[in-house]
């Protein structure tokens, strides 16, 4: 059995490396021959070409993430027309059915952001910033929007590039120029969450400013368990890699398929759970 | 020292109006004063030599004349009309062709492409108008041969030519685009015996066709062989202009060395420079 | 002609085979790289890679990159860089997307408009470079940021708050100009070929290759035009001269300013063309389109033999450079290598392809 | 000396003020840019930006970038590029992280080891460039990919599956060498200054600025050393010569190969230094560290007056270039502008700073 | 035409062993044959002139002698021992200093930095060993003055010097690093009257100190003024070597023009080249 996974995130992205670990694990368990592929950067045009390349190989199953339905639709439809079973994961829950995918494994970004916002508001937050390290990725925009809606208070979006030192300096700059800020929402754990904790510490407000982030990293989880950060939103992306591959393998062997979407998250990891998750995160499973 | 050549120096056209006239040209580079007020003119059919010590400002001056530098002060007139060249292309359009001391060649490009750079002949109709490559190659090889250089092929990169071959390309190019004024900045410095005779003969030929020639040289003999008038520059200023016959070679040589006493070796080198 | 024959008989010339003469051209050296990469994938990759549909598949990104690379190569030969072409893809995409979706303009207006805006920005780049004599690297870098930022702001305006503008496909699908800029050309021929069994079909009978993606045709056409211009027109000569030595060129009467500004405009128009094609194909545009494409374009041009210092290179070289780059990036997915190793292979393959190309050229021409 | 006094009296020289003489130096021109950017933020930004803590805040990323930029500037003056320094940061981070965490080596071993590995890779880059005479752009580009990929593969090995390697802080915290490469220097002095009220304190009495981040000291020290080497040592002269005209330099007896290889090694060591400092500060490393830093370093060097074509530039210029870049990236966060405009602003400020620097220099020196 | 100069040509040291000997040197560039077997040697205290038409291969030959090119075929011996220069630095270490026709200068760098490039004097102890900038500046200005050029200042960029000033920097540099062999490729081509005398006098001086000089020129007079032996190259091959006194200037001039008949203008230019 040949199964191909085409994702928009790279194997060296901490988040996607976990997905890939899930894929690999499923390959091991099912005995299927699985390939994980992604464009070099967030590039919808190239991603659609990768899907085309996969379709050319006529695999027994195809797993895709769908951050831009318009751009990927023709390629996905082509796969479906070619009779290849498709499962979507991570992003694209809203369009998955319409494009002909069998089901979707993932979390709804807006809802997750909103849940986080509500939680942070309930922790007393009134003025927040949402730090976006991947400006232009619509899924991330949705999170900030959800966060802003759920949070209720005033929310500024801070765009940054891919450098932890820069993120730290910018978060610090924001905290210094607006001392009312009491909440920092990051969209990635190691790139934003960790430096944000350092920034908060350097202005001497550890504990006063709530830091939360999407996704996990072992270091961030340690901070959560120590109480330096509020929580992390886990979408259990290991499942986003593991489940679709197993489903497709089963489908190829026995024609089995679950009847609906699988919500792999959101799952708030707060201080009580954090310490148990640290080790798994360090192994690339969470 | 030989001063009488067999060139027939025609009618020096002393009365003819100058083609180009430069008045009180100054040129400063930052705090460096390269030209401190130089006047000069060229009449049709004459060869006007510009002489002077190293660093006197000769190249700077002719670069001003050919549109490379804009003068800091001073006036340029062509046929009596004030002119303001903003680029060498302007000067070319006014009929001035120049061989620069640094030759203005592109080492990576072939002889032919360098030869015609900026003035490529075309054939065919738009939009299929294209360079006439055969004609270009033939012309380049032929013009070089006239100057005494047999090229291996017209597509050799200029950067791999020998010093004299390269200088010859620049001269042949300027002569070919036969202009109203031909400026030659030390054109024979890298040339062999044969090539030098050819260039001097060429100067004589174009002069007879009515072109005004500006000739820069450190070689008194070359200057005397073809020059009708001689202007000497020293440290950015004119030491004066002399007419052929009004000045002895010895006087000229002294002037060219900047009017200073020659080094004590002068005696010992008598006649060698 | 007679002259040439004669000079070839010069005793100072060794005999030289046709191969050697061909290989001296910078563009033909790059073919060696293509052959090597092809050989590598023939051995390691899934056989699907070299089916008709596999070839179209890697040629499509190669063509999109290649259109940019040809512009970049001409500009590099002319002695300048444009780091803003990646951002220009995004910005032109925004202009085009907004024209057809937000303002509902027909393609016959939207396409020239997009190109004009791009050309204007290119000219602006060029004018700043020439006026200030700053390096083009730094000026166009500023535009890299400005245009990327402007795309973001513009997209949010045009789409009402999102960084993605959708609906382009619907807006243009009935336009008579659309087939020239999107989809696949020669569709009916391919269907016919499939029917007589010359082309593989999917289970449902549609041909696996529905036609030749238009970008491939644009890519080939542009390469030919650029090659013709560079090698056969006065303007091409000026490009080499301006890049080889700006002062020498100007002193010889080449209108260096005009040449350079035109090249900046051409490069920007190439970016606009890629933007139009990809936006129409994708049906959407977003603020990250074209990200890093400026570097990939320069890479392709350099693989194809352009010198970063200007004055040397070829459009055909950039053509093959883009194909090498496209084959390597897509080709690796046809192999069984683990994705974790992808970049190691990408880097290794690039280096080997270029080394090989270089080695072959040197052997053949006897350079040291 | 007598000669110099005499030549100044040359009637062919105009008098020239001290200002003009200073501004002729490429490095001092860049100061104009810094002043302009500072003036801009003094007006538009929150006053917190120019408190002591605000200054440390933008100087920290500036210093990390600056250390790379100084290496890149020296290499650029020497006529080469290194596009692999960003990936080198990740790879050296991996080597360093694995040394201290996985193998439990003390810093006195781990740091030289990391630097040696980096230097070795730098030398390899250099050797390939010189041996093949391929452009360094393309060779180091291959290393950009290879090292980035190797970091990923290595990290997964070292961490057992994740792309992040943690525990560096715990592993090094008691090492006597740690204070030289992480944290803040001069802590006690700052505490003392805080006690006498010269530095703001938090409510609990600790100073708001606990010291000077060590990278800032490294940055300053390296700038000084690099400037000294470039301007006052034979080796510095060789760097300019090798970059100005490789053949002319070699023909004059400059050991061009050695010079270039050493420069590649220096650049790689600078990257390793940044890796060590940032990994110790963050306590962890991951596969994306240093992403795009190669370009930012080149940008900083160019803002500071280095020519891409080699042979001209200065380390002090790169110093100010990095500061300009750092101030502009962080500064906007202190202002009230809509953050979506960040990139437009970044591009605009960069362009204005460089234009201004250029304008001032030309005015003062009378160049056309 | 003046052939007897007042230089005292010392003892030609005909019997001295050559410092450097080149045997049957061939050099090919791709399919271009630049040297087709040239032999040549230099003895201590002599000035050996290398003459020949443009493109004859003179520069290529001396580049092989100074380590820039590796010969395609042939042998180089120094003091009788076979030598294989892999870089110009090797040749320098063997005591060979060269003025290349293209001067090997870096335009963006100052006169001083160019002058000492590759051989900077240092002062102070390690690790604070640094260039002795004052000494460098003084030396550069002084050596240039000796050659007849008064620099405005030692920090002027070489790219902004006049052609002759630049050439003088290259000559002064080679002479200053007084070597066993001094190779000068058309050193006087851009020089003024005074500067040329100085260079010729300098050649004479260093020769008397026992240095072997290789002098390339297209100027028969310059060659005759200082040369002890004359080797003529033509189209990559040696036409033979003559000793001072064994050959008349006219014969030499014919040889230099490649042994071909001069253009028909020869007569008319008699004595001017």
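Labels for the chains are A, B, C, D and E, by order of writing; each one numbers its residues from 1.
The definition used in the following text is that a residue touches a chain if its C-beta (ideal position, glycine included) is under 8 Å from a C-beta of that chain, and two chains touch if they have at least 3 such contacts.
Treat the numbers as computed from the prediction; the structure is a model and nothing was measured.
Novice: If you walk touching chains, what's the least steps from chain B to chain D?
Specialist: Minimum number of steps from chain B to chain D: 1.
Novice: Going by the contact definition above, tell me which chain pair has the most C-beta pairs touching.
Specialist: Contact tally peaks for the chain pair B-E.
Novice: Taking each chain's centre as the mean of its C-alpha atoms, give the chain farthest from chain C.
Specialist: E
Novice: Most remote chain relative to chain D, going by C-alpha centroids?
Specialist: Result for the farthest chain: B.
Novice: Could you tell me the distance, in whole angstrom, between the mean C-alpha positions of chain C and chain E?
Specialist: The answer is 49 Å.
Novice: At what distance in angstrom does the C-alpha mean of chain E lie from that of chain B?
Specialist: Once rounded, the distance between the two centres reads 27 Å.
Novice: Averaging over Cα atoms per chain, report the distance between chain B and chain C in Å.
Specialist: 44
Novice: What whole-Å value do you get for the distance between chain A and chain D if each is reduced to the mean of its CA atoms?
Specialist: 33
Novice: So which stretches of chain E touch two or more other chains?
Specialist: Residues 29, 32, 102, 152 of chain E each touch two or more of the other chains.
Novice: Among the residues of chain A, which ones contact at least 2 other chains?
Specialist: 11-12
Novice: Where does chain D touch two or more other chains at once, residue-wise?
Specialist: Within chain D, residues 12-13, 148-149, 152, 156, 340, 342 contact more than one other chain.
Novice: Can you name every chain pair that touches?
Specialist: A-C, A-D, B-C, B-D, B-E, C-D, C-E, D-E
Novice: Show me the residue ranges of chain D that touch chain E in the complex, using the header's touch definition.
Specialist: Residues of chain D touching chain E: 1, 3-4, 7-8, 10, 12-13, 228, 232-234, 236-238, 240-241, 244-245, 247-255, 311-312.
Novice: Please name which positions on chain A make contact with chain D in the complex.
Specialist: Listed in rising order, the residues are 11-14, 17-18, 21, 156-159, 161-166, 168-170, 172-174, 176-178, 190-191, 194-195, 198, 202-204, 217-219, 281-285.
Novice: Looking at the complex, which residues from chain D come into contact with chain B?
Specialist: 11-16, 20, 365-368
Novice: Per the contact definition, I'd like the list of chain E residues that touch chain C in the complex.
Specialist: Going through chain E, the ones touching chain C are 28-34, 36, 70, 235-236.
Novice: Which residues, counting only chain C, touch chain A once they are in their complex?
Specialist: Residues of chain C touching chain A: 46, 48-49, 51, 53-54, 57-58, 60-61, 64, 152, 162-164, 166-169, 202-204, 206, 208, 278, 281-284, 286-289, 291-292, 329-330, 333-334, 336, 339-340, 342-343.
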